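Two complexes come next, and they have one chain in common, chain A, joined by chain B in the first and chain C in the second.
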Partner chain A sequence: MTDVVEAKDLSKWYGQVLGLNGFTASFGSGITGLVGPNGAGKSTLFKLLIGQLHSDKGELRLLGEDPWNNVGLKHRIGYCPEHNQLYGWMTATRFVETLLRLDGMPAADARAKAAAALELVGLTSAKDRPLRTYSRGMRQRAKLAQALAHEPEILILDEPLSGADPVGRVQILKTIAGFARDGGHVLMSTHVLYEIERITENIVLIHNGKGIASGNLHAIRALIDKHPHAVRIATPTPRDLAKALASMDHVVSLEVPEPDVLVVRTRQPDAFYRELPGIVADGRLDVRGLESPDDSLEAVFRYLVG
Partner chain B sequence: MAFADDLKRAPVVMALTLRYLLGTRRVIAMGLLAGVPVLLTGSLALAGVATFDILLFQSLMIPLFLQVVLIFVTLVNATTLIREEIEDNTLPYLLTRPISKPAVVGAKYAGYLAAVLILLVPPVVGAYVITEAYEGVALSTDADVLAGFLATTVLGSAAYGALFLFISVIVRKPLAVGLLIGFVWESIAGAIPGNLPKLSLIHYLRSILKGTIEVGPLSGFVTDVSAPLAVAVLVGATASLLIAAMLVFQQSEFRQKA
Partner chain C sequence: MSISLPTYQRREAPLLGRSQRVRAIITTGLSRELRRPAALFTTAIGVLFTTATSMVLLFLAPILIPGQPIDLSFFYVTASNFTILLFVTLMASVIGSGLIADDRDSMALTLYLSRPITGADYLIAKASVLTPLVALVSVLPLVLVPFVAFLLGLFPAEVALPAMGVGFAAGALLTAFYVSLSLSLSSMTRRKSYAAAGVFAVTFGLTIPAGVLASALNSPELLYLSPWEDFLAVARGVYGVSGGLIDWPGALAILLGATVLASLLAYLRMKAVEVVSG
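This part shows the complex of A and B:
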């Protein structure tokens, strides 16, 4: 079976700026998370997928078709852009209804479908309010409603959780999961790995316009874990602490860059964080603060690309 | 099949455009500007100006309505159609629906034309009615004047709209370019001897007025373009510019604004 998305050596330049750089990846059915830091090329890939941009090089297929100026493909796609701009002067009902009419739906059906979609994303009580009065989280849900109201085969969601409040996040994730459970495909981007962990294990990592890893989340996690994870520990006795930590077999290096700082590199961060409190307590050591410069996804990507 | 689908969906885009141009606050400013002929003729009538007649009406309408109000209203509304959607990042909502890009342009243009005619035609008729009523003559007395101004309003709205729409799909700051073309080029070209005025739309609009109005300030306007030819040129220019806008838009890429 053909993959939902197939990209081969895909490149896109914006003048001198590189949007995608020989991106190659295939996304199968279900939910796929496209994870990468800001500016990695996620939105460029999505705009190529919805036919808003044309690639400079390489091949791209969405549901087996070339998306550029492919009108016939569009009713199979539901797209949720990254930006929160909407037709602020419209109510949510009118917004979704109008876009459904553009899918060729009769007015009465469009009205019913719009109401159903807005209910699905939890906006029924606000459906007749102008969109300009919506919070960022509500806008995200309105965007999601218009993307799925016409029952597309694939949802392409560009940072759908960005700016959403906790309740909105749950609602959005629930809606996405439900769509996938009913047989739909979802391609969702985020720059926060943990956001996507909750609904899928299929991840594609993108950095500097290149696909740097893809597959099962656990496999990627293992890949990430092969690279030493740095922990910066504030302590008045870094050498004593270093002596105690040296016995941990997953610790690959210990460094004292400042008189009251110890930097530890470990191949098993989970084990390190689990064992550290015991070692500190047993040795009666003084640890005043912990921070990991590797917490950000950017750092993980830097490891993966060497 | 695809064309039939576009035709079916185009009215939705047209209605969306109409609602935006006439249903949002922007219509207040546009309405006030478009209403200038009525405000002016109404003021003249209220002031009891002795020389206020159909000749004065024409003398005021040509420089004021044709060369200012018409150009400004068409410029502001036509450049909004595509460029504002790009600037506001709302264009993806339309472009991810099963309607072709040229059909989006065509439908937006149709919505624009309907909106500007709703804004511009009633004030022209209203100003004419006020003038004839003030003179105390039957409304049909100077029907040629009304016909001439209605024709130029419709054809001018169509042609300037297509021109400004085309500009808006090829440049990022269409309003500035449109102001230059609408108020500088259109004014200067008409004053240059030879065939250069034929490169301005206003030349053909004036030619229509000269050809349809028996007595008026344009009696001395020199043109070898008959009214029917002027109509044909304006219709041709409108169609060409609109098709060009569709073709450019079809091949355009859209980066989201940061």
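This part shows the complex of A and C:
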């Protein structure tokens, strides 16, 4: 059986800048997570897959076909870009409808499909608001709706969780999982591994334009857990918080780089995020923000590429 | 016994053809332009000025050009109205230059081209958005003036009707040139200001130096470099006006050639365009 995506020695240059560098990988059916730091080449690979970039070298097949200038193949793809939207003045309904019309769908069908897709991503109540009034997470959901609405065979999602609020994340992940459960294929990129572990175990790691590892999530997680995961916590009382967190046996180090910041390094990020709210509540501590830079993933990449 | 995994079957629905898809882009493009104050203002002022000045010229021509015969050539006065050039250039700059450049800059092009449309479909749709708007200042006055002259009884139908046809053809030529020029420039850049500057450069950067140099060097053939002079030469030809420093067939060939070349460049650009960032 042909894989959903087959890339062999794929390279793409932007002038002097290398987008992909001999990328070789095969993605099977179901959900595959493409994980890599910003600038790793994820978006370049996706643009190649949807036929909007032309490779300088190598071969690429999506659903058994060459995607470049392949108009027919586009009926089978649902693409959700990371950054853009169509026009801010458009309502979500019109946004999805317009893109369905570009698929050749009659107006009445487009209207019905748009409403169904927006309901699926939880935007029914906001469907008649202009996209410029949406939060980033809501825009992500609107883009997911347009990607799903024409019932494609494969969803290509570029950082779909980027900027999404917790409720939005749950909704997006639920929608993606449902699509895959119905037999659709999903290729989803992220620079935060923990974001996709809830919905797939198939991971491809990409770094500096190269596919450096692929396979089961748990194997990769074991690798990552060797490298402490950093969490930057904004708090007016970093020393009190540090004292409370020191009791966690998976915490490797605690650092106060600024008067109102505590940086924690942990070997078990899942456990840390699970236990943190309880510790904060018990100690009546004031935590104003959490940030998880992807340097732990960077550490794994540095380890893997030697 | 073998077990096979379920495979996703896409529900096939009857899909509409290419023209319907192009129409969806046109509708969206027109809706966008009709929401932009700059586009609305330029269009409104352009229609007002070009039509009003053309009407004024109609009534003043017998005074300004004594002995002007009451025939087809009379309407050359309207075609040579400088405000037409001014507003066609403005419309092409304010509206046309952003049609593709803005989509590339905002990455809306990514979403358009993620759908089963070709670069040519997209280009045709964008041209279809711009053409009627530019035609409001390039075609409308040339058709409206003979029509009004006929209604007022200033010209017989045998003159007014051909004048409307000739005006439509001449205006269409100017429209086609500026639409293809602005879309071609717009497809080359993400910054519409660059494309707009290009439209102005082609219009006035060629027209003014060509006029000055042709006069200074006594080389009227330099006027072929100016799109406006080419248009005036063609207008003289079709309205049957004698005189002029350059011949209309050569001018027509240059305008048509430039239009085809600009369209071809835009087409090739859209065919090869790679949506890089984002």
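Criterion: the second predicted complex is superposed on the first by the 228 of 306 C-alpha atoms of A that agree within 3 Å, B and C clash if a C-alpha of one lies under 4 Å from a C-alpha of the other, contacts with A are read in each partner's own complex, and residues count from 1 in each chain.
Note that in this section contacts are C-beta pairs under 8 Å (C-beta built on N, C-alpha and C of every residue); 3 or more make two chains touch, one makes a residue touch a chain.
These numbers come from a predicted model, not from an experiment.
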Based on the superposition on chain A, does the combination of chain B and chain C result in a clash or a fit?
clash
In the overlaid three-chain picture, which partner chain does A:E82 touch, first (chain B) or second (chain C), both, or neither?
both
More residues of chain A are touched by which chain, chain B or chain C?
C
May I ask you to decide whether A:P106 touches chain B, chain C, both, or neither, giving the answer as first, second, both or neither?
second
A:E151 contacts which: chain B (first), chain C (second), both, neither?
second
Using the superposition on chain A described above, determine whether A:G184 touches chain B (first), chain C (second), both, or neither.
second
Considering only the touch criterion stated at the top, classify A:S29 as touching first (chain B), second (chain C), both, or neither.
second
A:A213 contacts which: chain B (first), chain C (second), both, neither?
neither
Under the contact definition given at the top, report the residues of chain A touching chain B in one complex and chain C in the other.
14, 43, 47, 50-54, 69, 71-72, 74-75, 77, 79, 81-83, 85-87, 89, 98-99, 101-104, 146
Please name which positions on chain C make contact with chain A in the complex.
5-11, 13-18, 20-21, 23-25, 27-28, 32, 35, 106-108, 110-118, 271, 274-276, 278
Chain B partner, complex, touching residues on chain A are 14, 43, 47, 50-54, 69, 71-72, 74-75, 77, 79, 81-83, 85-87, 89, 98-99, 101-104, 146
Touching residues (chain side chain B, partner chain A) in the complex
2, 5, 8-9, 12-13, 16, 20, 23-24, 88-90, 92-101, 250, 253-257
Report the residues of chain A in contact with chain C in the complex, numbered from low to high.
14, 29, 43, 47, 50-54, 69, 71-72, 74-77, 79, 81-87, 89, 98-99, 101-106, 109, 146, 151-153, 182-185
